[in-house]
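Encoded as structure tokens, the structure appears first; notes follow it.
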């Protein structure tokens, strides 16, 4: 077993270990979870820094026979698009399990589910087999229901149900699309492993996808994954879900799970069905543009801190969709980098909101005032997340948005203008939020609140450092992403 | 094909004879030992079945025919093992249940065995009369088993409905068989296949025969619209028997369908492909839609099993003249059925366990908080339900994927799409059950839950005891004053309102009752409580404290504690076995698939 | 010899009467008897086919014997259950037996 | 020159050091101040080194006089232009720094003023419990501005541009506990961000045409005509929008006066060398872009002209000393932009250079005044910034007074202080370009500038010590706290402006009963703390800055010795000969403004309230800043927030309930209906069989 399989296995083994631990040993459960996710983080760092972007392609490849009858192999590997995603997941789960220390009700189940979910997420990013990608994708979605419904807040049951059913409904489309690919390749030509992503992009196999086929099945795959990427108008699970979820789950969900959707869009929809992508991209680009503006405006109207962030995620994922649909190298690279950047920043957001909510038991923006006085660390971290969100240079979000916008201007200048305007709107609501809740006269009602706890501090610090590091020195990310986006764009025939 | 007494190789039927012997042993033991030792009887059956499985396993690889009427090949051996495993499972989960709820448990185990024998013969039968008789063997056992809980009116009513409809359907089936026999002049499936392909066209007699036979088999597999009995009988039958019907009866029905269609009627598959496609659509859609609004968990699983039958019917529709597609479809169907056996056994096993501890309750809402009090059973139930919904890690995903892949290859992508959409719908109602088990509070403990006192109160209106709850809620607040009295009182009032549904016995049961406002409730009362707590007690996290010196546990909400359910080790063991089955098929299905490849080869070769 | 068609028509009529009985009767006992009619129609069919279509093997005859036996057993079992229902509910009217529905 | 990058890096390092390390130490305040000031002094040292290098180059080229191109090459130095910062596909994004005379000049101004302002802040911010944070952010601010002026790549420039915005946000909102300050900070960031939308789109347009953000490559492409003209025009106007936001040009000027909410040293920094200067600097830096399009130049000139006069008129009526200075800044920035717009490149940047010094000085003086007024007015509910509550501070704060006067005179453009030279250059340039409207507006603005500056001086430093009575007027009596109405404002203004009246004599009639007793009770001198000169850490920087404020302009004296025009120019050196007519007109006009202020506010021959009363509409409009804030507020409430509410409602009502919940509901309803098929009647179940058989039969017949 190589790095990649250990990355998937470590959380899973930890989940099993936790299941075996006695219920009363809450702290050992927490530590096991933290240790396992720490190991994954280290491993994912290895993978990230070990990826040789000059060589490109899939690396760290492992392959195991699984169902030969269907040509399904457990193939793992990362390329320049998935390596940052693996790193992102490693970071978010580590910080997430630190943040979750304060979960006390059924700690055991909580951590087990969380870790299983993470295994699924890693599985999606590392899988080179369509079947396993989908397999892991569903694993990543499923524990969400309980995590939200049991440990969540605000309308958690409705939100959990809506989220799960919508996401699974999205995966219906994916499933159909995958089967169509399977039939199309396997039925017409023997000897092709029709679940192998690499093989599917092979020119010889690509011939098997006639234009009509691509036109029919591209939207299926794209929308199917797009639901998880909170693509407008299939996004409504996301604000509700984010609001309802417990802190670490919000972090994972907004930070990582939504990226699974976008990743699927890139890897399968655009990657395998280029002609379909060319034909459909403008429509989905329009969806993305609507999402970015509309999400930003919706966020502005929200009163609940988490709702603001939830809609802001919709808006930011709108950029990702835009970036993908520009079908330009710059845009696509920007989209992938935005996935990373948004993952980190939104994880930071949710970690902090959770920190405050656990004490105050409310998230009404209007109720808070002047928190900066008593909670300097909290406000500082939150401000950095907010600034990253509004695209402040020096933080990761800026580079990502820059590239997305450049890609958009190359292809659809008017949409680019809209997207840039959306950034200004984002600045408005983020700053409004901060000015309202953190500045202003101190409300003595909140004198009992304490600043971030050690575990939260460490988690937030990791995220902040990542945001700054990726913002100041994005070159390693971008050369990596670039090396793997280029072949996709080449197939699509997009702007290089 | 002719019946030749000299061809009778009785050794081929060793497992069947073992079961037969076992039946007599079980009944004799029951006579000797009596009700007090019914568990011993059950264990005897289990041991015997294990031996049967071992013997059956030795048969793997033989392809022989017993008088042309029974085929012993990989296909039937596979089903044989599955059915015996299922019988073991049913027996295990019955051990406690039978003692609690059923009269004469010893006979009960014997009847389970006779039914199992019927199933095994169904899977083996290569001739219509044999098939019919084995089907009746299964049915008769089931009739008795369904109405076994003599004192339970529901059980009786179910038994009566079952026998009326069962006899009715067997009459239809028989009429169809007779027409088929008349049309083709033979009742041996290989001969039928030959005759049908020689016929070249579909005669009206053949068509009518097919209609009736499909209706008769449709009854067994509970295909819409022949499903009407299912919910009622599943609801009324003793729960292990519900499991038995939903798993064994259905699987056996499909085994027979496969035998009949593949062995005899594959040449005219074009005739019935559309029929099965339509039946599949109806079956899964209706099953899943109606399941949404069920309140009784057994009834819910009844509809769910109708839905599952619909998925398998997709595979039937995918049987085609293309050999590899048809074989893949067969493998898919059997794989799905196998996974479904373990999965549904697990689900019903949990329900049995639940009924054991709850005195036979069966509403979904009765299961509220079950996973809190019986975590392992809850876990198994969740796994089972997710498996039924076709979620990965669990058997259902792989099996469905395999099945649907085959159907997709048979140009039935539209049907697959409907099936997949249906499994999303099914996820919804499975989640409702999971939701009750995991999210809701156990009845009687509503007060203790983080901020959600209202749920229990809605469903089980008990005498309100606000005074007690208020006292409990206000107590921790009294110590800390800085927040202001108005808010404190508001908090207390809120807590008391939340506690309105509290069970009178809550306090007496020794449960730590926590103020309802002290959780994630978005009410203002919570601030008062928490704020007071912070200001008073957790001075260590004040503004002056550096971040690394702060107390992580400061905001931890109080833990909810509930007394665990006592679930017997046998039940837990059987649940664990089912769980292993679910996971094995879900994570490493290749061994099973290897077996199935051979099984389908054998089926198609016959 | 009577043409096969005549026998088949007869059996079909018998079967249909049984079918009608199942639909129309409200008494469980009568329903069981109607089913018996259907099974008898099957037996007639089988015998006829055995004689006309499959004279060498004659398996239809064997079949018919089995059907008759099974029908008897079925009726016996059915009546036993009906009896118990009657003891409990003092009615065998299927309209009254709808504890479980929806 | 190679070490120019050290300047921003030193300051950024100071920021991180303070935030990460200093903060944890028990002496965090002192340490952070020390580190920050050391860093900025280091940056100044870097400037000196770079400057001497540049000087050597310039002198070297001056020897080979005549070869203009050679001058360009020798004096411009690109750093880090080979290794990309990051790369995507065929596009490389460099982090190039450019060291030429423009950036060297800015480097000097920024580091010099920042250093002095930080020293000054030691005194000004003493006792603040976030003292360390103030210095940290000041460091970051300096770093961002230094980076901005050094950026040789538009992307890098944009990066620092935004960081400057961030720092101004943090500093303006430094005292965030006042709701207004927090709002002002937000307003500053958001407003400038709106301009940045234009800037970004403009840069993106250029990027699309050239495939690079490198300034020199883009300018080369423009010069070579490789970019289509409409793109140049559009990009020019869009890029200029960034400058409009940053430099507080009309109509995005609204944030600048509010930005006075920050500590005064911050205002000084924002209004002199950083933030607002960035806009003008951008126009200067990207001048080849603008110069290539007449339309863009016209646009720039128009905006600058409008801003210059528009802000000056508002400044006439303001009562907050910092707001007076703020509008003055806007007006002066308009001046510079106008100069650049008409093509007087050197003059515009020269004015930015001189203006930085005297405006910084003015703000520091104002800060000094406020610092001393604060304890005096503490607890009265009166703003210490309000000139109507000052008066007579001349003797109490002599250093502040004299430096303020020097700066004001310089700003007013009186010979021979530095403001004179730069303003004269602008007016001469406008005239030379034949831009009559800007010229006339410039002259009028010069008059207004002189007038309002001396109004401020008279009200602050001369006349009666009105602060003695501040405590007597109840905070809610309607004079100052309540938004002024047409009736009360002129009355109050008049009441406090005219020093010949006895205290309390001119309290408005309708307030008389409640105010009178309080006045008499409190009218005892010495009851409150009294204003006094600021400590030496504050006073010393005033004196030091006063020197360049007075004489910095001398390096641009035309004809005499004009290294400025030689160094900072666009195309061949642009030396307008000193035109005696223009010079005398501008000085006379300024003197006229001073004279008018004198007769109105020192020797009250003309009563200002009489004027205000005579044109109440105009007065009110000016006092309310042409109602721009109100208009924007309306826009935000009625348009932006309405859109937001609309989007949120659509999301919930239409998309969520319609697209998501409806299918779910329908499914459930279907389940509910179908449920009742299950009647519990056996014969109906049997009938279903028949239906099924018929169905199968139909299918077999219909789809054979």
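By letter and in written order, the chains are A, B, C and D; residue numbering begins at 1 in each of them.
Note that a contact is a pair of C-beta atoms (placed from the backbone, for glycine too) under 8 Å apart; a residue touches a chain by one contact, two chains touch by 3 or more.
All values reported here derive from a predicted model rather than from experimental measurement.
Chemist: Can you identify the chain nearest the overall CA centroid, using each chain's own CA centroid?
Modeler: A
Chemist: What whole-Å value do you get for the distance between chain B and chain C if each is reduced to the mean of its CA atoms?
Modeler: 32
Chemist: Taking the mean of the C-alpha atoms as each chain's centre, how many Å separate chain A from chain C?
Modeler: The separation of the two C-alpha centroids amounts to 64 Å.
Chemist: How many angstrom lie between the CA centroids of chain A and chain D, rounded to a whole number?
Modeler: That gives a centre separation of 38 Å.
Chemist: Please work out the Cα centroid separation of chain A and chain B, and write it as a whole number of Å.
Modeler: About 35 Å separates the centre of chain A from that of chain B.
Chemist: Give the residues of chain A touching no fewer than two other chains, as numbers and ranges.
Modeler: 165, in rising order.
Chemist: Do you know which chain D residues sit against two or more other chains?
Modeler: 664, 675, 678, 680, 682, 686
Chemist: Which residue numbers or ranges of chain C touch two or more of the other chains?
Modeler: 22, 28, 31, 94, 97, 99-101
Chemist: Hey, which chains are touching each other here?
Modeler: Those chain pairs which touch are A-B, A-D, B-C, B-D, C-D.
Chemist: Note which residues of chain C are touching chain D in the complex, please.
Modeler: Touching chain D from chain C are residues 19, 22-26, 28, 31, 94-95, 97-102.
Chemist: In the complex, go through chain C and note every residue touching chain B.
Modeler: It is residues 8, 15, 18, 22, 28, 31-32, 35, 38-39, 41-42, 45-46, 48-49, 52-54, 57, 59-60, 62-63, 66-67, 70, 73-74, 77-78, 81-82, 84-85, 88-89, 94, 97, 99-101 of chain C that touch chain B.
Chemist: Quick check: in the complex, which residue numbers of chain A touch chain B?
Modeler: Within the complex, chain A touches chain B at residues 23, 65-70, 101-102, 104-106, 108-109, 116, 131, 134-136, 138-139, 142, 145-146, 149-150, 152-154, 157, 160-161, 164-165, 168-169, 172, 175-176, 179-180, 182-183, 186-187, 358-362, 374, 377, 445, 447-455, 457.
Chemist: Show which residues of chain A lie in contact with chain D when the two form their complex.
Modeler: 162, 165-166, 233-237, 239-240, 294, 297-302, 311, 329-330, 333-334, 370, 372-373, 387, 390, 392-394, 398-399, 402-403, 405-406, 409-410, 416-417, 420-421, 423-425, 427-429, 431-432, 434-435, 438-442, 473-475, 478-479, 482, 486, 496
Chemist: Quick one: which bits of chain D touch chain C in the complex? Just the residue numbers, please.
Modeler: Counting only chain D, the residues touching chain C are 675-676, 678-683, 686-687, 690.
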